[in-house]
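This is the structure I want to talk about, given as structure tokens.
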Amino acid sequence: MQEGLNAWQLIAGADPTLFAIVQLSLMISLSAVAIAAVVGLPLGALLALTRFPGRNLVIVVLNAFMGLPPVVVGLAVYLLLSRSGPLGQFGILFTPLAMVIAQAILILPIIAALSRQTIEDLWLEYRDELTAMDVGPAGRVTTLLWDARLSLLTALLAGFGRAAAEVGAVMIVGGNIDGFTRTMTTTIALETSKGNLPLALGLGLVLIALVLAINAAAWTVRVWSERQAG
Amino acid sequence: MRAPVNDLPVLFERVSLRAGGMTILDRIDAIIEPGAPTLVVGPNGAGKSSFLRLCMGLSAPSEGRITWGGRPDAKPTRRAFVFQRPVMLRRTAAGNVAYSLKQAGVPREQRAERIARLLAQVGLSELAARPARRLSGGEQQRLALARALARDPDLLLLDEPTASLDPAATRSVEEIVRAAASSGIKVVMASHDLGQVRRLAGTVMFLVRGTLREHEAADAFLNTPSTPEAAAFVRGDLVV
Amino acid sequence: MLNRRLAIVLALSTGLVASAPALAQDKSIVVASTTSTQDSGLFGHILPLFKAKSGIDVKVIAQGTGQALDTARRGDADVVLVHAKLQEEKFVADGFGVKRFDLMYNDFVLIGPASDAAGIKGSNDVAAALQAIQKKAAPFVSRGDKSGTHAAELALWKQAGIEIETAKGPWYREIGQGMGAALNMASSSNAYVLSDRGTWLSFKNPGDLVIAVEGDRRLFNQYGVILVNPEKHPTVKKELGQTFIDWLLSDDGQAAIAGYKINGKQLFFPNAQRKAS
């Protein structure tokens, strides 16, 4: 990024490096949310609807993992993907894919835990009707997930917020490579360490504005959906 | 006309239901046969809801046996249940009916036509695209009926469906129930309202504190009840 | 229907993300280097020149020297470029590196507050300066992160005759972070800190900090470059990596290094002894 400019000048001048960084950040965090949603929503629903020995322990651990430290997740994924690690042959370390994987792991517990709570509450309400309609286990999962979609959207936003905000995981597994794995948060960290505090702060505000925009878009979807289907 | 019934008769053999140390139903022997609607009446807490749920197969008896058409573990494909407060799925009225059709195994191509027919049957054609959660209480109950009828049941169970509805909505629901009964569906309905019994019942089952006290033609129950509790009930006294 | 839409979104995004390394994999190497070389802006200057010449994309992971060597030991980098000669020689001796070459040097400077509590400003005797700092318990920020700078700092305490492990007190703050973070902390707490000149010159938040001590021979800071041993990690891109090292040691590369200036001041001084292989 050009030296000596503050964040607003970079935005106004459509600085291509800044745009590339924003694009990468969004792509990584949104991909992580997509993966965590595909895995975590049904996982939470299954946990809500089934009974098995040790279920309470699983729920406690899942809830606790909502607070997984990003830097620890980053370190664990790093050790897995390192050439000296078990998955080294794929050469994924220090690429955006590694960052997506790390963030997906980080936010999976949030989405699964919130999904479980939401679906468990909804099941209390729906149990009789769905049993009377002889809905099987798979049908219950899909029906409840769809009917709870507005609450689950909030869970996805919580996951996205966590992913977009973290720096520990993406820094370790991505390496903050210029033009390749540099995201908003790692750039802010870098500029801070270079003493470029006004630029770092400005970039921080840009990041917050982006997350706000995404939440506003999600809210619009929610309002529209409620109008369509209650 | 309708296909030969196969969930009927429903046979209760010395069925008891116990929960939390309490006896909810005590040694019920009963047969529910095709024909005019059977209304299940009794004071609150008599076990009407529990009886209906056993009929549906939503709960299992603690003792005794229930068979549907002679089969002890018949899947509920030929019966349907309408709850006192129905739960609307978060979709349109038509969407709710479509869901029930899908669960009942109706192929996709046939659904649109049947949705239209069912909504017309319950008088909700104009509200097809309305989100179901935004319907009034009466409209939601009629939609629940449409969902139940979508299953093409032999046996339609209703748990005090008009208890929270105003008279106009009650009348709409009763008309739909009457029409369903006329088309050959066996209706078993819990009711707290003697007027409803007079309007709809062919047969009455009278429950008091979990025991089946009377099970006879409606006329007989209303005019010449056998037990003192039934007489008190028909008179309008509280049966404790 | 929802599931189908989700599946499409997922496929698209993972496709986008997965294709990125595939695209770059063609001609690229990973270089593990130090935060001081990155923060100084050197790579921003010389790498485009190298890419134009060779078409090779150089991806720099900037960590402390200790972490950079560890990354290379694991085979996660192809080339390592750090400034801790003893650690580098051990790295090669242990079989993780092919051969170590001198690349360039700069010097360290002892930075301190203009208020100069230890009274050492303008000196060129770093050992005496450190003794003064320790005696007066003037605040001092240490990298504390096994970096090249940290290793140099520890060596200087030893040369000043101070056993820092026992002599340190609350005035000695080990932060375990990079040069920029250390300078930030020194700036905001009016402390002394040892920095390489390159990072100092490009640092944008100096506050009241100035150079307190410079020019001492003992502040000489040598950088070395090593190819990671492909016999230990067959996935190391040895031809591309060697091309990079050859270029760095060549007249072209050495000139590129010398050509990097901030405000007209040269930061790194090329001193490759001979060409590689």
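Note that the chains take the letters A, B and C in the order they are written out, and that residue 1 is the start of every chain.
We adopt the following convention: a contact is a pair of C-beta atoms (placed from the backbone, for glycine too) under 8 Å apart; a residue touches a chain by one contact, two chains touch by 3 or more.
These numbers come from a predicted model, not from an experiment.
Q: Busiest chain-chain interface by contact pairs, anyone?
A: A-C
Q: Could you find the chain whose CA centre sits the greatest distance from that of chain B?
A: In terms of C-alpha centroids, the chain at the greatest distance from chain B is C.
Q: Using only alpha carbons, which chain's centroid is the nearest to the whole structure's centroid?
A: So the chain sitting closest to the middle is A.
Q: Mind checking the centre-to-centre distance between chain B and chain C? Centres are C-alpha means, answer in whole Å.
A: Distance between chain centres, rounded to whole Å: 79 Å.
Q: On a C-alpha centroid basis, what's the spacing between chain A and chain C, in Å?
A: 32
Q: For chain A and chain B, let me know how many angstrom lie between their CA-based centres, rounded off.
A: Their C-alpha centroids are separated by 47 Å.
Q: By residue number and range, which residues of chain A touch two or more other chains?
A: Only 146, 149 qualify.
Q: Using the touch rule from the top of the page, what residues of chain B touch 2 or more other chains?
A: Answer for chain B, listing residues that touch two or more other chains: there are none.
Q: What residues on chain A touch chain C, complex-wise?
A: 27-28, 30-31, 34-35, 37-38, 82-85, 88-89, 91-97, 100, 142, 146, 149, 175-178, 180, 192-197
Q: How about chain C: which of its residues touch chain A in the complex?
A: For this pair, the touching residues of chain C are 2-3, 6-7, 9-10, 13-14, 16-18, 20-21, 24-25, 30, 35, 39, 43-44, 59-62, 73-76, 177-181, 183-184, 187, 202-206, 233, 235.
Q: Any idea which chain B residues touch chain A in the complex?
A: Counting only chain B, the residues touching chain A are 56, 58, 75-77, 80-81, 83, 86-92, 95, 99-100, 103-104, 131-134, 147, 151.
Q: Under the stated contact criterion, what part of chain A meets chain B in this complex?
A: Listed in rising order, the residues of chain A that touch chain B are 125-126, 128-129, 131-135, 139, 143, 146-147, 149-150, 226-230.
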